[in-house]
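What follows is a set of structures to go through.
Same chain, two partners: chain A is paired with chain B first, then with chain C.
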Partner chain A sequence: MDFATVLQLAGSSLRLATPLLLACLAGLYSERAGIFDIGLEGKMLAAAFAAAAFAAITGSVWIGLLAGIAASSALSLIHGVASITLKGNQLISGVAINFLAAGLTALVGQNWFGLGGQTPQLGPGQRFLAIEWPLADALLPVPVIGPIYRHLISGHNILVYLALLAVPATWWILYRTRFGLRLRAVGENPAAVDTAGISVVRLRYAAVMIAGLLCGIAGAYLSTGMAAGFVREMTAGKGFIALAALIFAKWRPWPALGACLLFGALEAIGIRYQAITIPGLGVVPVQFMQALPYILTVVILAGFVGKAVPPRAGGRPYVKER
Partner chain B sequence: MAAGGGDAPPAIELAGISKSFGPVQANRDIDLAVRRGTIHGIVGENGAGKSTLMSILYGFYQADAGEIRIDGRPTPIPDSQAAIRAGIGMVHQHFMLVEPFTVLENVILGAEEGPLLRPSLAKARAELKRLEEEYELDVDPDAVVGELSVGLQQRVEILKALYRECDILILDEPTGVLTPAEADHLFRILRSLKAQGKTIVLITHKLREIMAITDAVSVMRRGEMVRTLATADTSPAELAELMVGRRVLLRVEKTPATPGRVVLAVENLSLTDDKGVARLKGVSFALRAGEILGVAGVAGNGQSELLDVLAGIRPATGGTVRLDGQPLDLGHSTNGDERRAARVAHVPEDRRRRGLVMPFAEWENACLGYQGEERFEGPAFTLDRTAMRDAARASIERFDIRPPSCDLVTASFSGGNQQKIVLAREMERDPEVLLVGQPTRGVDIGAIEFIHNEILALRDRGKAILLVSVELDEIQALSDRIIVMFDGRISGERIAGETDERELGLLMTGIEPGTRAA
Partner chain C sequence: MTFGKSLAVAALTMMTAAGAQAQEAANPAVIFDLGGKFDRSFNQASYDGAERFTKETGIAYESFELQNDAQREQALRRFAERGHNPVITNGFSYGSAMETVSQEFPDTDFVVIDTVVEQPNVRSVVFNEHEGSYLVGVLAAMASKTGKVGFVGGMDIPLIQKFACGYVQGVKATNPDAEVFQAMTGTTGAAWNDPVRGGELAKSQIDRGADVVYHAAGGTGIGVLQAAADAGVYGIGVDSNQNYLHPGHVLTSMLKRVDVATYQAMMDVHNGAFTAGVQVLGLKEDGVGWALDENNKDLITPEMQKAADEARAKIISGEILVHDYSTDGACPVS
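Up next is the complex of A and B:
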């Protein structure tokens, strides 16, 4: 493998990791506040559809992005009402959201566009395009640094950079602000937060809505950044891989970045090396390479990475005990 | 105690407070006045409504009717924020701490200075240092709370309240989890808080503490305020009578034991848990027929693990246990059934989680674990429900379980009656060995008397009893011999009646008291 290939793979990993990272951080906010969120997948899917549909209709990718965020936030609100206000089961609510999104996007898509659930192909103004950084081509001849700058640092769309910036931002919010302290506290012991005179309900809604925002961006990225339009079921389990990454990262922002990059890299390798020949074993089937991220997810979720301790109050609605 | 302006308004005044949860009236028309700068005790049995009343004062619940006045001013307290603003702080029985957080983070939670943490943390660090010097409240501000001992965690709770500049401090059963030395320290802190003019409300069921530290005491019974007395003018016997509504014997009448053969011989028992922490480190003792061997110690020093191993719930990692000379299986395949077959009965420490299935009817719990007995066999692999319910009804009568209805869901019995259901089940089979953990935790005074007498009666029938309890009073009242556990070891053995609280308290902290004239 030469240097250029490595760079290409790295760039591709980064682009594939972006939706995972945004969804993973979404889950991080929600779960750190004690609300399990397996509806990441559905929210991303709904956002992907809304973003592509509105970009296609209005011709503006930004309106598309806003529509994506709105769709995802609406589902987040449903999850919030079900699991915070009505104290329902968070897993069931999440599953319902996934089904709802899968069904609705296909139905509404067919109704609006008549393309079998797809949206029309998006043109340049309806998509997030790669941004060339200044002097990218001029610096290319500089050894090592030039190609890295040109192929890895420059040349992604704005949402990729946004996702990367979201990592330090999340870390700072979580560990350096009052909101972060309270958010972490409410996921560990909501009774302590309540007796300290802080509203548990308001905090948890805030967390769930942040999750909606981030999932919205993740979904918009899928249909208007990575691809040029919406395809049915286009999230293909990315929400669940993001959840796996979240567990792998033990609910911490920086390790979440690492975990998402790892999954992104596996996917990139799966796409690039459709057939690998291992000496003595023969050719590894394409399907195996494509299944690799999913296989790893299972391995990780099976606890291969050691014990991951979730936020202690996670998954349980807060009820003042009698 | 009338010092300082007799006509100043009381720090806390409750007028006509009522609160019900569904059909249960937890507080009925309660009046209470607590004078500024005093320590005021509130006693009552479990379910008398003490904690509910204090939760109303702290804004955790809203009263259905009545008024709260702080320093003479009517002060509505709709939530905890309002209570904190009114200068009220509360140390809950179950601590309200975020365990993975540091002491500092716990202290500032909800009382931060601004949107960023750094200035708040700096201010809290300085303030904690001042409080530490003023009140002997030393805790490492950077320690993770979950890794602190219970006594230190309680200090963090007090610091939280003081950091919010409370004038009134409510403590709910604060000494339940403390060693005698820690409790003494707590009382010193409370006295110095009182000297600074703070008002303290102490909820407890330990009458000795009331007598030792309070200025006045209010007694509650079944949701009502029975009476408020000056502590100097009352006695534990009077308070107990007011609490229960009838005369109670505070001391157990006990005849000397007549220990027989060694029934249970425990040798070098050890247990290392999944995390690699040694919970039992070579425990050896012998339990004889016709005696009660008390196991004292602060919770978490290996007593629970000892009970688990003996009851066949957890495998041991080393050592032997012989029952009448026959070694017991301590391996992974062992289970409670084998022990029951060997006539070792077990009353678990946590009856709600281990002893009973709360949503089951009483009659189901009354035979749980013994459902395989021949007399419960019905036709074709079924259970004979009639026989089971008859048996349950018989035990209800014998153990005076109330209400006397075997079809009632177990969760709706009071703590004392739930405990009687477990005790009835385990004692009725006339076991050779009874392992009993915390037999009177969360049990009313009236029921305590009954339970203690039943345990003694079993002893007098020549059975061997191992009693684990964190209540030193209970250990001293019932045991014939006492072993003290500290850090997975037996730190000392004493003959009951030849030792005292101070000596046992030292052993509980792992210190061997100055050798007695041997």
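Up next is the complex of A and C:
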């Protein structure tokens, strides 16, 4: 494997990791505040549809992005009402959101466009295109740094950079602001937060809505950044992989970046090397390479991660003592 | 009126109603495979054929898009039960379901496209995809400046290997030094409808120097063609004419006339001329070919057209024998 191949693989990993990372951070906010969110998948799917649909109708990818965020936030609000205000079961609400999104996107899509649940193909102005950074080609001859700059750092679309910036931002918000401290506290011991005179309900809603925002960007990235249009079930389990990454990262932002990049890299390797010949062992079948991310998820979650302790108040609706 | 009488009357009314319904339902039915009828490729070709039938005869048809493999037998049986004739299924995966259901309804005419079912009331339509793929392989090799071309398949099955193998043979016959990258999207039905993964597969081949990428991947191929257009290289479409998707960036499309097969089957039943048995449609029967229209006429040079026409003539005359992967599960070149 030469240097150029490594760079191409790294670039591919980054593109594939982006939706996972955004969804993973969305889950992080929500779960750190004590609201389990297995509806990441559904929110991403709804956002992917709304983004592609509105980009196709209005011709602007930015309106598409806003529509995606709006759709995802609407589902977040449903999750919030069900699990915070009505104190319902958070897992059931999340599952319901996944089903709702899978059904609604196909139905509305068919109704609007008559293309079997797909949106029309998006043209150049309706998509997030790769951004070439200044001097990318001019610096290419510089050894090592040139190719890295040209192939790995430059040449992705803006949402990729946004996702990467969201990691330090999340770290700063959670660990360096008053809001973050309270958010973490509300996921561990909401009664203490309540005693301090801070609204548990408002904090949890804020966390759930931030999750909606991030899932919205993740969905828009899928349909208007990576692909050029929406197709049914296009999230293909990414929301669940993001949840696995979140547990793997033990609900912390920087390890979340690492976990998502790892899953992205595994997928990139699976795509690139469909048949690897290992000397002495013969050819590794394609099926194995494609199953690898999932196998690794199981292995990592089963043993290597150590003890992953979720936020203590996670999954439990907060009931004020009377 | 006694209760018994009224019950009998009700039963009679229902029977008449059912009879009328059965007669009404004697129109054709089509079942589309997992890619969906708007995959702009294989299934859409069948859809086009059915639409053409409806336009010409005014007879409506029923259709169903599979959501998962479990629905295959169920959907087929339901259409047969409701008296639709013929019932047409698309996709190689329909073999076993067709085998079962066709025996349950001996009076219904069935058509299965892309696989062979030996039953007295089933017409099996298969195509010589390797011949058409050979021709686009010739064109790809001539259009490529880097000497590297790519292939992205949908589900990893012998049928798709047949496309790949024919393509590689065409490329190598034209440029023996050419390098061909091959990739399959997956091993389940989901591989027909994953444009994100298709785009990433194509991108990885383009990164390695491929400047023509041929896909045989149904809905997944939309992502392949998009990635090729984004990178400023050529894609090659499949099944339907996909040249219009990215004018100037789709070199050509390997046509597989599923539309003709669907249309013809409906017409034959309509005219009372339906025949069961295996139909093999190759270059000679115009069942496969390559698309040349106003979207790609500037991309195909006269030399390319000449080479493709010559290869076509030689395949038809038997001078060039394109190896069929599905006969022995192996490809002589890679």
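Criterion: the second predicted complex is superposed on the first by the 316 of 322 C-alpha atoms of A that agree within 3 Å, B and C clash if a C-alpha of one lies under 4 Å from a C-alpha of the other, contacts with A are read in each partner's own complex, and residues count from 1 in each chain.
What we mean here is this: contacts are C-beta pairs under 8 Å (C-beta built on N, C-alpha and C of every residue); 3 or more make two chains touch, one makes a residue touch a chain.
Just so it is clear, the model here is predicted, and its values are computed rather than measured.
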item	value
Touching partner for A:85 - first (chain B), second (chain C), both, neither	neither
In the superposition, chain B vs chain C on chain A residues touched	C
Residues of chain A that touch chain B when the two form their complex	175-182, 184-185, 188-189, 191-198, 312, 320, 322
Touching residues on chain A, where the partner in the complex is chain C	5, 8, 12, 15-16, 115-118, 121, 129-130, 222, 226-229, 231-234, 236, 268, 271-272, 274, 286-287, 290
Contact set on chain C toward chain A in their complex	36-38, 65, 156, 182-184, 186-187, 190, 193-197, 199-201, 203-204, 207-208, 219, 222-223, 226, 230, 245
Residue ranges of chain B in contact with chain A within the complex	21, 58, 60-61, 79-84, 90, 92, 96-101, 105-106, 108-112, 114-118, 120, 160
